[in-house]
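Both of the next two complexes hold subunit A, though its partner changes from subunit B to subunit C.
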Partner chain A sequence: MDKLLRSNVSRLLKKLSEHAEIYAPTMEDGVCVLSKLVNNYDDWTLDYVRTTNSVKDIFFPQNEEIMRYKNANNDLNIEPPKPFKERVAFGVRPCDAAAMLLLDNVFLEGEFYDSYYKERREKGALITIACEKPDQYCFCTSFHSSPGATEGSDIVLYPADDYFLVVAVTDKGKKLIKANAEIFENATEKSGIVENYKSMKTPIGNNCSPGELNEKLKNEFDNPYWKKIARRCLGCGNCTFVCPTCHCFAVCDVARGCDGKRTRTWDSCKFQDFFLMAGDHNPRPTQVERTRQRFMHKLNYFKEKYDKYQCVGCGRCVEKCPVGVHIADVITHMKEEL
Partner chain B sequence: MCSSHNQLVPKVATIKKIAEETSSGDVKTFYVEFDCPKERAEFNNMPGQCAMISVLGVGESMISITSSPTRPDPLEFSIKKMGKVTSALHDFAEGQKIGIRGPYGNNFPADEWIGKDLVFIGGGIGLAPLRSVINYCIDKKESYGSITIIYGSRSPSDLCFKEEIFENWPSVEGVKVHLAVDKIEEGEQWDKSIGFVPQYLEQISPSPDNAIAITCGPPIMIKYVLESLEKLKFKDEQIITTLELKMQCGVGYCGRCNIGDKYVCIDGPVFSYKQIKEMPQEF
Partner chain C sequence: MMNMTEKMLEQIRDLFEKKNIKLFIGFEKGFEKFSRIPAFAENYDEAKSMIIDEFETPLLAKYLIRELGEVGAGAVEKSERVGILTRGCDYLSIRRLVVDNIILRENLVIIGIPCNGLIDPKKANKLLGEEAQEITVDEKIVLAKGEIKSREINKEEILLDRCKKCIMSKVEESDILLEENMDDMEVSKDYSAVEEIEKLTTEERYEFWRRQFDRCIRCFACRDACTACNCRKCIFDITEPEMLEKTVATSEQFMFHFIRAFHVAGRCTACGECEKVCPVDIPLGLLNGKFKKDIELLFDVDEAGIPAEIEPLGEFKLDDPVEW
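Moving on to the complex of A and B:
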């Protein structure tokens, strides 16, 4: 096993930046954001439970150009974007790394794949840091995960005194360590550090583990509970934007004379016009249908399609909902009621 | 110019011809050819499939391909002026460029219907997707039993594909075309039926024995046609229809067109009544 001294992290990031964009947790106006480091590779922090934005941003950004076009004199040319750069995300949490595997299901499986996402994933590496202090919003253990889980990560760093124990999870992770071997050291001491992280409980613990809830929810389309919780929903969309697994987007053309670009932007099933069709038909016209759609998607439809729940228990939507509509409560309520 | 294999980037195509279908001008058929022959060759559409049509600078819409693969070129799209993209498209002239990507979605399972009698029931612009499979089955008529086409619209001037419904289709042996309109204005010439499609269907009363009924039209018409077909003793698995929801990607990512765990863009648009009954009723 290797170890990485905390005092060597900046050196590692600087070295990796020679061929890759580096993203790390940084403090901005008192908020911890996963953002791109430019020039200052000391700018990372360990003072966070979860970054405000998830690692999703780096592979499926909030807004991106999907193509450009020029249509002068009826000669239409359409160009996809230029190739993306290599990228390393440092300080990812295990829940967010697990969420990437769910996005992989959506964007890489089936008849089609998403070219933008695929290229970024292939050119990306996730260096995860296990969680030392999960807070009251965390419930990753409800989804067969833990503060020390490795699923979805290329490398996991387990915080110890003044260093991290290093576990290379994938070949990509092993290569990254090998290519930067001079920055890592051999960890000689045998310790149960990794196991301690893996067996650590989150405060909500396993209480809201959905189990076989998806089966029961099949018959709960008209359950009055959806109406009850939808009454509080403000339709702000916070929950979907901070979610590391939500993947809905809108496509928008921006024209300027003969030139233009097509962009895609995160969108939200909580918004009134999200499902609105030309001709004004809206199959989910009120917050009741849209609230049901969000939870049924995560707890039933996604599970039917991919055999996984579309939630990793990161706690962001729980933390950010202004009116206390919590997926953990939904799971607990439905489990008790059904 | 041939472009990439990126699913969200459309291929360039040229509008070769535009035909007005209705006298009010709200439905036009666009005859379209890819600029790159290789891209045309890779566009293997089956009847019932759709394509994303781009008006660059305005946006994209999912439109059903109304031409049959048995008559491959040009590709035909019959489009009603409804929203932003379709309105912009209606202002286009022959020779102008659009973007196309696809084909998307499943298709009418016409190869499973071999040896059966087919009953097509369409309303208004809903004949556009049916037309692809009607022509497909007519071109392989020896594989099918009788073909009955029941088509209605608000008024005689709103009927689409007039040459086919009045001349081409009725002249094929074993094909019967029944036309109806909701109402006629004073002075309008009309020697066919007057009435709504579902009632007209019950009046014609096609036999469900060894038959498949395929219907497409406005949601309210589909609803009552399904009831009428049940009255005529068609079983759920003998009834095929299409669903339509808002789409922005067409490939199952953007999250708009789901009904339960199905996405209309990739799992539809064609569903049997049996499948529809098993879905959450949210469309």
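Moving on to the complex of A and C:
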């Protein structure tokens, strides 16, 4: 096993930056965001439980240009986006890394794949840092994961005194370590550090594990509980924007005359116009239908389709919802009721 | 002696029994230990889980638009009334809706409670250095107990940000007052944070706001939580013509934030809810505060934003010193 001295992290990031964009948790006016480092490779921080934005930002950004077009004298000219750069996300949490696997299901599986996402994923690596101190919002353990889990990561770093124990998970991770071997050291210690992280329990623990809830939810389309929680919801959608697994988007053109660009931006089932159709019909006219959609998608439809729940227990929506709409609450309530 | 929660429940039962209300809006416990969340009761039984204590709560007034307002109609009389638990800040927000002709005061039954500031449990956790398992409040002293440590904290230190700037801790027009209003909380007008920004050069100021706005994810939670944001159809939701591109470019971010701030200027009650709900901690209070400060200075009013029939930016004078 290798180890990486904390004092060597900046060096590693700088070295990686020679051929890749580097993203790492940084403090910005007291808020910890996963942001792109440019010449400031010392700015990464360990002082966070979860970054405000999730790692999905790097592979499925809030907005992206998918093409530019020009139509001069009926001569249509379409310009695809420039090839993406290699990218390394450093300091990702295990829950976020696991969430990337769920996005892979959506964007890469089956006959059609999302070329933009695919290219970014192929050119991206995830260096995860195991969680030393999960907080009251974390419940990854309810989703068969843990503060030390490796699923979805290329490399996982396990914090110990003044270094990290390094576990290479994928071939990509192994190559990355090999290419930068001079920055890593041999770890001789044979302690149970990694196992400790893997068996660590979050404060909510695994009490909110949905189990077979998806089966039971099938018949609960009209459950009055949706109305009860929806009454509280402001419809701000911030639960879906901060979620590493939410992936709905809209495509829109920004054009002046016949010249313009086509962009893709995040959208949210919580917004009142998300489902508005031509002719002004809205099949989800109130917050009740929208709230039900969010939870049914996560706890039923997604599971039916991909055999996984669409939540990794990162706790962001829970921390950020201004009025306490809580997915673990929904799970526990439904488990008790059904 | 009955505590405040019991007194409230008694009143609620009475209101439902006399068929005075069809709905009561208050608070109940959330999933986490100290989270208090909005609760809606259509009968006394549903209200039994409601609670009054000193932990952070969201404002309730905004829900009145959905429960009582008629989209596009202005305020209309309803046959059934809605009861609502109200502190000073909520009261200002309710008045905002009444003054703006969104709802009618007659449609409401206001249960007023005195308030001398709410506690932010996150701040308590921070001071304690771990997650508090128990928090008890005795006047101005708070005792926070965790699994390992326990600590006495001055309530001042862990007050909710918005309570530190409270301009109205009384409910002036309640239908039912659960306990006598206390003396107003001591708050001195504090524009020091705004002044800090004013001192910056134009370039520095631009850089500061660019950094803040670029973080914005445009969830519009700030708008959704704000009672001054009560337009029938928000300009940002209009797609034809598209007032705001969906792309999150810096220019668009500035556009959104300027317009939001301008639209609530003079009507913002300084409740602080927008800043509180922002998932990326953008200091919207600074922008709102700047407007408030300027209006107070330019129009010579004590407190800009207190809802009134005639407001500085809502009044037209024939002898206005400045031309339109």
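By our rule, the second predicted complex is superposed on the first by the 336 of 338 C-alpha atoms of A that agree within 3 Å, B and C clash if a C-alpha of one lies under 4 Å from a C-alpha of the other, contacts with A are read in each partner's own complex, and residues count from 1 in each chain.
Keep this in mind: a contact is a pair of C-beta atoms (placed from the backbone, for glycine too) under 8 Å apart; a residue touches a chain by one contact, two chains touch by 3 or more.
These figures come from a predicted structure and were not determined experimentally.
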Next on the checklist: Quick check on the subunit A-based superposition: subunit B and subunit C, clash or fit?
Outcome noted: fit
Checklist entry - In the superposed arrangement, does subunit B or subunit C reach more residues of subunit A? => result B
Item to check | First (subunit B), second (subunit C), both or neither touched by A:182 | outcome: neither
Checklist entry - Thinking of the overlay built on chain A, is A:323 touched by subunit B (first), by subunit C (second), by both, or by neither? => result second
Next on the checklist: Quick check for you: in the superposed arrangement, does A:31 touch first (subunit B), second (subunit C), both or neither?
Outcome noted: second
Checklist entry - Is A:42 touching the first partner subunit B, the second partner subunit C, both, or neither of them? => result neither
Checklist entry - Regarding the shared-chain residue A:195, is it in contact with subunit B (first), subunit C (second), both, or neither? => result neither
Checklist entry - Of the two partner chains, subunit B (first) and subunit C (second), which one does A:252 touch, if any: first, second, both, or neither? => result both
Item to check | subunit B versus subunit C - smallest C-alpha distance in the overlay, whole Å | outcome: 8
Next on the checklist: Quick check on the output: what are the common subunit A residues between the subunit B footprint and the subunit C footprint?
Outcome noted: 250, 252
Checklist outcome for this item: Listed in rising order, subunit A residues that touch subunit C in their complex are 28-31, 33, 52-53, 62-63, 135-137, 203, 228, 231-232, 234-238, 241-242, 250, 252, 254, 263, 265, 268, 272-273, 318, 320, 322-324, 326, 328-329, 332
Checklist entry - How about subunit C: which of its residues touch subunit A in the complex? => result 30-33, 35-40, 58, 62-63, 131, 211-212, 215, 217, 219-221, 224-225, 237, 239, 245-249, 273, 276-277, 279-281, 283
Checklist entry - subunit A touches which residues of subunit B in the complex? => result 1, 3-12, 56-61, 82-86, 95-97, 99, 219, 244-246, 248-249, 251-256, 258, 260-261, 266, 280-283
Item to check | Partner subunit B, residues of subunit A touching it in the complex | outcome: 66-67, 69, 71, 74-80, 106-107, 110-116, 221, 246-253, 255, 260, 262, 264, 267, 269, 274-279, 281, 283-284, 289, 293, 296-297, 300-302, 304-305
